[in-house]
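Before we start, here is the structure in question, set down as structure tokens.
As written, the chains take the letters A, B, C and D, and residue 1 is the first residue of each chain.
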Amino acid sequence: MTENSLRKTVFQKLEHTETADRLGKIVDYLLIALIAINVGSVILETVDSVASQYVGLFNTIEVVSVAVFTLEYLARLWSCVEDPKLADAKYPRLKYAVSPLALIDLLAILPFYLTFFFIIDLRFLRVLRLLRVLKLTRYSPALSIILEVIREERHSFYAAFFILMVLLILAASGAYLVEHRVQPEKFGSIPHAMWWAMATLTTVGYGDVTPITPMGQIFGSLVAIVGIGMAALPAGILTSGLTSQLRRNREALRNQLRRALEDGIIDETEETALEDLRKNLGLSRQIALEIRQDVHDRRLEHVGAHCVHCGKPHTVPRRKI
Amino acid sequence: MTENSLRKTVFQKLEHTETADRLGKIVDYLLIALIAINVGSVILETVDSVASQYVGLFNTIEVVSVAVFTLEYLARLWSCVEDPKLADAKYPRLKYAVSPLALIDLLAILPFYLTFFFIIDLRFLRVLRLLRVLKLTRYSPALSIILEVIREERHSFYAAFFILMVLLILAASGAYLVEHRVQPEKFGSIPHAMWWAMATLTTVGYGDVTPITPMGQIFGSLVAIVGIGMAALPAGILTSGLTSQLRRNREALRNQLRRALEDGIIDETEETALEDLRKNLGLSRQIALEIRQDVHDRRLEHVGAHCVHCGKPHTVPRRKI
Amino acid sequence: MTENSLRKTVFQKLEHTETADRLGKIVDYLLIALIAINVGSVILETVDSVASQYVGLFNTIEVVSVAVFTLEYLARLWSCVEDPKLADAKYPRLKYAVSPLALIDLLAILPFYLTFFFIIDLRFLRVLRLLRVLKLTRYSPALSIILEVIREERHSFYAAFFILMVLLILAASGAYLVEHRVQPEKFGSIPHAMWWAMATLTTVGYGDVTPITPMGQIFGSLVAIVGIGMAALPAGILTSGLTSQLRRNREALRNQLRRALEDGIIDETEETALEDLRKNLGLSRQIALEIRQDVHDRRLEHVGAHCVHCGKPHTVPRRKI
Amino acid sequence: MTENSLRKTVFQKLEHTETADRLGKIVDYLLIALIAINVGSVILETVDSVASQYVGLFNTIEVVSVAVFTLEYLARLWSCVEDPKLADAKYPRLKYAVSPLALIDLLAILPFYLTFFFIIDLRFLRVLRLLRVLKLTRYSPALSIILEVIREERHSFYAAFFILMVLLILAASGAYLVEHRVQPEKFGSIPHAMWWAMATLTTVGYGDVTPITPMGQIFGSLVAIVGIGMAALPAGILTSGLTSQLRRNREALRNQLRRALEDGIIDETEETALEDLRKNLGLSRQIALEIRQDVHDRRLEHVGAHCVHCGKPHTVPRRKI
């Protein structure tokens, strides 16, 4: 009983389930600050002059961080069974442990423990700690919407990547054919020419390698034009996905509102549910208000603008949303 | 009484409330011209040969500008209580004083007065005056729509910025690992490598720092590809926001039109209100006309194409909109 | 009578009013070929070795072109009164003469005649002839839709340009403050720093000027990030405009179809009108077919799927569209 | 009979008509692997050190590949008559042979056989084999949707390309006029200046050629600004096309669902047809489920939430989709 209620509290504080929870927020901010300090110290450690001077400080930060992150990882793993989303799972802890967020948490502490058992290049290992920055993903709702859209459109992104690869091979081989005699050190083989092709197709254009023959420059111009078309692909896919997501989120809110209004009144519970849905969908108050007004207007077309019993006008309940 | 009516006039001329107000327009144009002259003179002042020659002229421009802008600031602060939007506020002047537009106005004159009390690096101070260009924001309705969309989508932009920061750190640390042995002066630490990572992720690609090892070039190519995906994020967010805004603006005009047409006739007052709404929403006349036609068509499906009383056909009132 | 019918024929051939007009098409292709030859010869004329060798050929092309273009201009000016769109105008010829297309035609021949009266730098004049390429605008319907969208969204583009100018001034002055001591020849004044600021904000990134101080590189990174946001503005405006235009065009076709179907049958005249509208709106056959299917489906909800008189199923007339 | 059934099996395995076909999948993966090995070997062959060492391996790969691809081409040509889409064609084999996919297959083997009859530059020929990468197009549904959108919007892309060409000519001629006296070797003629103009308009910005006069830099800045507008064109066209395609695909699924639900029940056959349609349209399960819920909700408004016969509530059949 006591264990269970403690576990529930830990879960609520860590996962921040209640919006008006002050302690949960403080836990959040402390963890965010620690991650930021961590990332900063790993970056600064690579500057030799700084590293030699503050070697002790950096070690302290590392040990404290790993301790806290290990504690956090274990606490999340222990309390995750309180998550209603995992209620149906046979092995809720295992299911949580292989979720992306849990794997990121594990990745943040694993390298430290591995050094006790294996001999690993320390410089590589230190940089690996930078992946701890991914732990921040947890704290932004807007970010998770963007990542969700990217995940939904992944097949389109793969296709765009495939088109890019095909264009890269064709651009590199074309440039190789045209330029390899004049610039054998830069376009001497297709793999060499790929560096130029990539810089041009992505419109980065470093300029360390450029075609110098007229034919090469004409071909290079074509590749550059294809490049701006290429850059349009991810923009198009992402925009189309975001627009569709926004439209569906508005529909979802509209449907729940319509259902809540079926009895003509939006009571306290329905208000809270609507407000929670609005936040989860990342819709602004302004948009929610417009949807409410619209649903109300359309409803009036059916039930009439005035109540048939008392003759008073129906008004839009505006309170929370 | 006199003071109040004077204050109202000053407010109307400055805030340009009436569309057909000639004096208000002249005040606008004079202020815009002064801002332009100001910005031009601050820019030219940094060219040494010009600065030494016209030192007197630049000083005169500065003194006159500060005088006019101070007067403008005080006049706006004094007359702002006439603004109907501030009618509900407890301290309307304070509320106005902390609004973005008022703060920009204050920022335009403050540095000049600060030099009397503090010793500040003059070169920095002069350049600070360039912020006066922000005063121009006030004069473009299309601009305020774009800024409004950016403001509404700010959480998405923060998320995109966060993704960029994470990618920047990962790109810089990867390039550091691969290249720091071959190019210690350019990729010697992660902060150093960030300059390259930023130029590549934003597809700017200066080319002053580029990877030269095969592994570095392969990693650099991946970063460049991620870069064009990264550039798609703000495009997607902004497009999705602008499309949604446009759709909602059309809906708003459609709803007001529907309400105005409830009695079957759009009278003079309703016409003016509709036209004002159309302008504020930044919708073109063509779009407004199409909406009007559409609302009319749908209404005919209910009331029939011909009047039941006189038998004459219903026509779309096209006059102003 | 004869003059009028000749004028009408000339108008039809030049303006290509009838889709299945073979002679009109030949006139089009000949004019397009002549413009292409012209542009090519002006470009090649700037290559000294080519210019000296083919001076006679270039002169012949020039004289013939000016002759044909002058004839074309006069023929269009003479026959324009047959244009039904100009029927309402008081001075139809004057109204046509000041239209963009007519001004481009005039601009294509005017420089030639001006050399008889004024002494003008020949090199500049020759290059001016390149503006003849604008005459090609006349021949692409998809192009005119894009230009129409750009025209409709011009206020948004002005606002985007204004934002760019403000950012340019702020970026240049910031870089000037940070870098002018270390690189006085490249960041010595704000106008000098603007060249770097522009290359960075537009993500062109030539790399001929780059910040070298740590502060300068941090500031430069911020400017580059703002730059990819800046590039999102025109993309967002244009996409939003194109999407809105496409939606409105579909609505327009849908409305005309609904009106044509009011009597239940789409006759020959209505078919032709619908097909003409579809082409003018730049909608694909596939989209038109889907709209037709949808209008038909919705109509069936009212009139029933089978004819009440003969019991046969209603089918979608698919013939032309 | 035997031949026909064998032909049908070959067709099914090659064209992968049944989704749960294991042998068809293995054939797919083997062919994809062979194409990848091929492309890799052609790329590595251009590296001299690798080429001289593994000359035998590369020849073996080439001979085996051509054998397999020839077999594949003949098998497809032989079995294509089983394709229901070609059932109406008079000469189904000929119609298949001139389809894009069949031409790519032919292009992959033709160069090999041509060397027996003609003397061709071997280096060029070897690189030509890289076009075999296009054979991969066959295997991605998301890719075919993107290519379909590009095909539908081709007129807009042509128009964008035309605008780019006009801007290129104007930019090059302007830069030539301003810079040709100071940098005669880089801006000596319009064709020379085009290399700079292209790098700037596409925002690639190599930096090997840059304007150095103040006038040239101002003009260059304008061209760069036009460049980011130019990059917005393909993004706008593609996004608008993708959004429209997505909307139409959703409508198509919605319509089929509405028709399937006309009798109130979605039976096994209808489920399978809906699921196949969903996959072909590239819609996610989530979107399909939302459409189904929405169609169901709207239907309830007509037929009531409960069955009039048994009084049980109508539920959304969720099974497969």
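Keep in mind that, in the parts below, contacts are C-beta pairs under 8 Å (C-beta built on N, C-alpha and C of every residue); 3 or more make two chains touch, one makes a residue touch a chain.
Keep in mind it's a predicted model, so treat the numbers as computed, not measured.
Student: By mean C-alpha position, what chain is farthest away from chain A?
Tutor: It is C whose centre lies farthest from that of chain A.
Student: Could you work out which pair in A-D, A-C or B-D copies the interface of C-D, where over half of the contact pairs coincide by residue number?
Tutor: More than half of its contact pairs match C-D, so it is A-D.
Student: Taking only the C-alpha atoms, how many degrees of rotation bring chain A onto chain B, rounded to the nearest 5?
Tutor: 90
Student: Between chain B and chain C, two touching copies, which fits better, same or different residues at the interface, with half of the numbers shared as the threshold?
Tutor: Interface between chain B and chain C is built from largely different residues.
Student: Counting in whole Å, what is the centre-to-centre distance of chain B and chain C, each centre being its mean C-alpha position?
Tutor: Those two chain centres are 28 Å apart.
Student: Would you mind pulling out the distance in Å between where the CA atoms of chain A average out and where those of chain C do?
Tutor: The separation of the two C-alpha centroids amounts to 39 Å.
Student: Which chain C residues sit where two or more other chains touch them?
Tutor: Within chain C, the residues that touch at least two other chains are 191, 199, 203-207, 231, 235, 237, 239, 243.
Student: Taking the touch rule as given, give the residues of chain B at its contact with chain A in the complex, in rising order.
Tutor: Result: residues 152, 155-156, 158-160, 162-163, 165-166, 169-170, 172-174, 176-177, 188-191, 199-200, 203-207, 210, 214, 217, 220-221, 224-225, 227-229, 231-233, 235-237, 239-240, 243-244, 248, 251-252, 255 of chain B touch chain A.
Student: Which residues of chain D touch chain B in the complex?
Tutor: Residues of chain D touching chain B: 203-207, 235, 239.
Student: Residue numbers of chain B touching chain C in their complex, please.
Tutor: 39, 42-44, 46-48, 123-124, 127, 130-131, 133-134, 136, 140-143, 145-146, 157, 161, 164, 191, 194-195, 198-199, 202-208, 230-231, 234-235, 237-239, 241-243, 246, 282, 284, 286-287, 290, 293-294, 297
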